[in-house]
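First up is the structure itself, then whatever we jot down about it.
Naming follows writing order (A, B and C), and every chain is counted from residue 1.
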Amino acid sequence: MRKQIPRILTIISILVFFLFLWWAEANLDPYLRRILNLIAINIIWAVTFNLIFGYTGQFSLGHAGFIAIGAYVTALLTLSPAQKEQSYFLSPCIWPLSNIQWPFLPSLILGALLAGVFGILIGIPSLQLHGDYMALVTLGFAEVIRVINMNLQSITNGSLGLKGIPEYTNLFWSWGCAIFTIFIVWMLGNSSYGRAFKAIREDEIAAETTGISVFRHKLMAFVIAAMFTGLGGGLFANLISTIDPNLFSFLLSYQVLTVVVLGGVGSITGNILASTIYVSLFELLRPIDQPMTFGSLTIPGRPGMRMVLFSIIFLVVILFYRRGLMGSNEFSWQWLFSKLRPIFKRRRMEQGE
Amino acid sequence: MTILKVDKLSKHFGGLIAVANFNVEMEEGELVGLIGPNGSGKTTIFNVITGLYKPTEGRIYFDGKDITGMRPDKITALGIARTFQNIRLFSELSVLDNVKVGHHLRLRSSPFAAAFGLPGYKREEEEIDRESVRLLERVGLADVAQEEAGGLPYGLQRKLEIARALATRPKLLLLDEPAAGMNPEEIRELMDFILRIMEEFNLTVFLVEHHMRLIMGICPRILVLDHGVTIAHGTPDEIQNDPRVIEAYLGVEEDEDA
Amino acid sequence: MDFNMFLQHLANGISLGGLYALIAIGYTMVYGILRLINFAHGDIFMMSAYMAFYGISLFALPWYMSFVLTIPLAAILGMAVERVAYRPLREAPRISTLISAIGVSLLLENVGIVVFGGRPKAFPRPPLFAQEWNFKGVRILSLTFFIIAISCVLLVGVFYLVYRTKTGRAMRAVAWDFEVARLMGINVNQVISLTFAIGSILAAAGSIMWGMKFPQLLPLMGVIPGLKCFIAAVVGGIGSIPGAMLGGFLLGVGEIMIVAFFPELAGFKYAFAYLALILILLLKPTGLLGKVVEEKA
C-alpha cells in the first residue's frame, strides 16, 4: 500500500486539477483562459525540448520548425473551405486542401505525425553532428522550413498567413495534451530507454561500448520530441487563430530554450514551473511595454522592454544559476512529506501529546 | 576454442604509426596481458577491437566471426565488453542505473511499450532490476547502489565500470589499466577480483596494465608492445628476462612498485 | 544575359562576398580559439551599423568621422561581450557558453528593438560611394569597387597580422592548444580579447559598407547575415582564416549568381547557404580548406 500512495496522490491531484479546469473554462474571462492555454502549450514544448536536450544531451534549436509544421497542418485541415477561399487571394489554395475540413483530433494527430516525419528527415543529418554544429544545422532547418513556408503561396498562403482558424483549443485540450506529454516523457525518462538516453548524454563512447546504438537512440528521442512539439504547434494554431510563417522563427526556438534553462535542464517539474512563470510574467509585464503613469510621473515604456528584461534574466541565470530553478531534480510526494513532517511534528508537540 | 583472433592489425593516424602488425590468438578462458610504455599503442588496440577505430590494415575475428569495422554497440552485443583507462562512468546516474544500462542492449520492448508501461515492458524492467541488484551484490557494490556514480571513491568507480561491463554478458572482457592509481593492497584485491569474476562469469580476459606486479602475478601469457611493435610474447619469466623488454622499459619497472 | 550583365553580377557577387568574408573571419577566429559559435557576432555587426548611423544623425559628425569612430567602439563592444558573457563560463561545459552566446545575441537584439525602434532607418550613402562608373559598358556603383578594395585591404591586413607577426603567432598558438599556450607564457586572456576586438573591427567595417550597400537598418539585420557567414566559415573550413575568406566569397558570388540565372528561386536564396552547410558537413566536415584530423578516443 505504501508504494501506491504517491501514485494515488498524483491521480487525485490530476482529477482535482481537471475539476478546476472545468470551472475555469466556464467562469474565467477569456484573457486568463488564454494564458492558461499558453502555459499548457509551452509546457508541451519545454518538456519535449527537455527530452532532446536534458535527457539525451543533444542541443537542437529547431523546435520552431516542428511547431510550424504542426501548426500549419492542423490549421490547413481545420480551416473551412470558405475561409480558405477568402484568405488565399493571391493564389488559390491547391486541391485537395481547398475543399477539406477535418475535425480537431485527426488534424492534431496528422500534424503531430507529419512533424515526426520531418523529425526523421532533419534528425538523420543533424544528429551526426555535435554541440555547436547541431545547434546551427537544426536552427538552419527550422529557418529553411520558414522560408519554404513563406514561398509556397498556394499551400500555406505564404506571408499572408492564415486567419480564421477555428478556436478549438480549450483548457481540456491543451492541458489534456500537456498532461499526456508529461506522462509519456516521464515514463520514457524512467524506463530503460531513459537510462540509455541519459547514458548517451553522460558519455557517448561509453554508451556505445555498453551496447547502446547511440545514433538510433538519439533519433528516437528526437522524433518523439518532434511529434509532441508538432502537437503543441497544432494546439497553438487553433488557439491564436491567426498564424503566419514569421511566428515560427528562431525567436520561438529561443523562447523554448529560455524556458528550459530557467526551469532547469533535465527537470520536468522545472519545465512546468518555468513555463508557468514565463508565460505569466510575459503577460504581467505587458504594462512596461507601454508608458506608465504614477500620478504626475510618467515612465516611458517601449515595446520590447519585456523582452529586454527576459534577456537579462536569461543571461543572469546562465551565468550565475546555471542549474536553473530545479536543477535536474523532480518534485516528488516524498519530498513534500519530508518538508511537511516537521510542521506536523511541531504542532503535535505543542499540543502536548 | 579460439575466441579472439587479431590478424596483422595495423593502425595509422595520418603519418603516425600507432600499431604495426599486431597479432594475437586467445583461447576461451585465457587471461592474457598486454604491457608496454606509455604511448605504445595498447589502448589503440583495444579501441580497434571494440570498434571505436577502424583498422588501417588487418582483421579481427571474434568467436569465429569477422568483426572488423563493425559498430561498437554491435560488437558489444556479440560479447566483447571493456573498461577504459580514464574511467568512463555515467557520472550523474546512480550506481544501480549504470549497471542497468548494461542490460539495455537485450531489451525487446519498444519505446512505445515503455512509454505506456505495458505489462511486457514492466516484466523486462523488473528482470533488469533483479539482475542488476544481484550483479552489484556479487561484485560487492550493493551498499552504494543508490549513490551517484561520480561521487564514489576511485576504487569503487573502477569496480562499477567492470560491473557495468559484466551486465552486458560478455564472453571477452578487455580491461584497460584497471589498477591505475591503486596502492599495493588494492592491487592485490583487484587481482583476486579479476580471477574470481573470470571463474564466476566464464570470461576470457585481455588485460592492459602498467603495474608489473599485477600482470606478472596473474597473467600466464603476456605480450609486450613498444611504439606499436610487438617486441616480446611469452610467460612472465620469459618477458622479465627479455633484453628488448628491459631496454624498452629501462628502469620504469622500479617506479611502478613504489 | 549578355556578358556585361554577367560582369555586373560578378562584381556584385564579389563585393557581397567581400563583406561576407569580413564577417566570417570573426566567427572563424573565435571558433578557432574558444570552439564557440559567437552567436552575438551578427548583432555586433548590427550595433556597429547603428553606431555609425547615429554618429551622423544624432551627433552630427561628418560621415568619415562617424565611420572611423565606430571601429574602436565596436571593438570595445566585442571585448565587453567576451569579458561578461564568455570568460566566466570558461570552466563550464561548452554548451553553457553557447547558450550564453544566444543570450547575449537576444539581449543585443531586444535592446536594439527598444532603443532604435522597429522601423527601418535609412543609412546614408555619401556621394563618393554613390557614383555610377562605366567600364566599357559595365555599369557598377563606385561603392561596389570600394567594397572590394577595402575588403581586400582589410583581409590582407588580417592575413599579415595572423601569419607574420608575433601577436599573430600567439593567436595561432592559443587556437592550437589553449593550455600549452598558457604554459608557454602567453597571456591567453589578452589574446582572446584581441581576437574578439579584431573580429568586431572587421564586422564593423563590413557593417558600414553593408549599410551603404543595403541602406535599410533594422535591429534584426544581423541575424541572417550572421548565420550565413558562420556557414561560410564552416564551408571554408572552420578555424581557418583563408577558409573563411574563401567561404565568404563563394557564398557571396554564389548567392548573386544563382539568383541572376534563376530569378524564380530568389525567395529561396536564404536556403542555399543551409544546403551548402548540410552538404559540406556530410561530405567534408572539416570544410574545403580544413585539415582532416582523426581524433584519438
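Simple rule for what comes next: a residue touches a chain if its C-beta (ideal position, glycine included) is under 8 Å from a C-beta of that chain, and two chains touch if they have at least 3 such contacts.
Treat the numbers as computed from the prediction; the structure is a model and nothing was measured.
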item: Chain of greatest Cα-centre distance to subunit B; value: C
item: Closest chain to the centre of mass proxy, which here is the mean CA position; value: A
item: Interchain centroid distance [CA atoms averaged], subunit B/subunit C, Å; value: 48
item: Length of the line joining the C-alpha centres of subunit A and subunit C, rounded to whole Å; value: 33
item: Separation of mean Cα positions, subunit B and subunit A [Å, integer]; value: 43
item: In subunit A, residues with contacts to at least two other chains; value: 205
item: Subunit C: positions in contact with at least two other chains; value: 297
item: Shared-contact residues (touching 2 or more other chains) in subunit B; value: 52
item: Interfacial residue positions of subunit B with respect to subunit A in the complex; value: 50-52, 71-74, 76-77, 81-82, 84, 88-93, 97, 100-105, 107, 109, 111, 114-117, 121, 124-125, 128, 164-165, 167-168
item: Of subunit A, residues touching subunit B in the complex; value: 184, 187-188, 191-193, 195-196, 198-199, 202-203, 205-214, 220, 224, 328
item: Residue numbers on subunit A that touch subunit C, as the complex places them; value: 59, 125, 128-129, 131-133, 135-137, 139-141, 143-144, 147-148, 150-151, 205, 250, 254, 257-258, 261, 302-305, 307-308, 310-312, 314-315, 318-319, 322
item: For the subunit C and subunit A complex, residues of the former touching the latter; value: 31, 35-37, 85, 88-89, 92, 94-96, 98-100, 102-104, 106-107, 110-111, 113-114, 117-118, 223, 227, 230-231, 234, 267-268, 270-271, 273-274, 277-278, 281-282, 285, 297
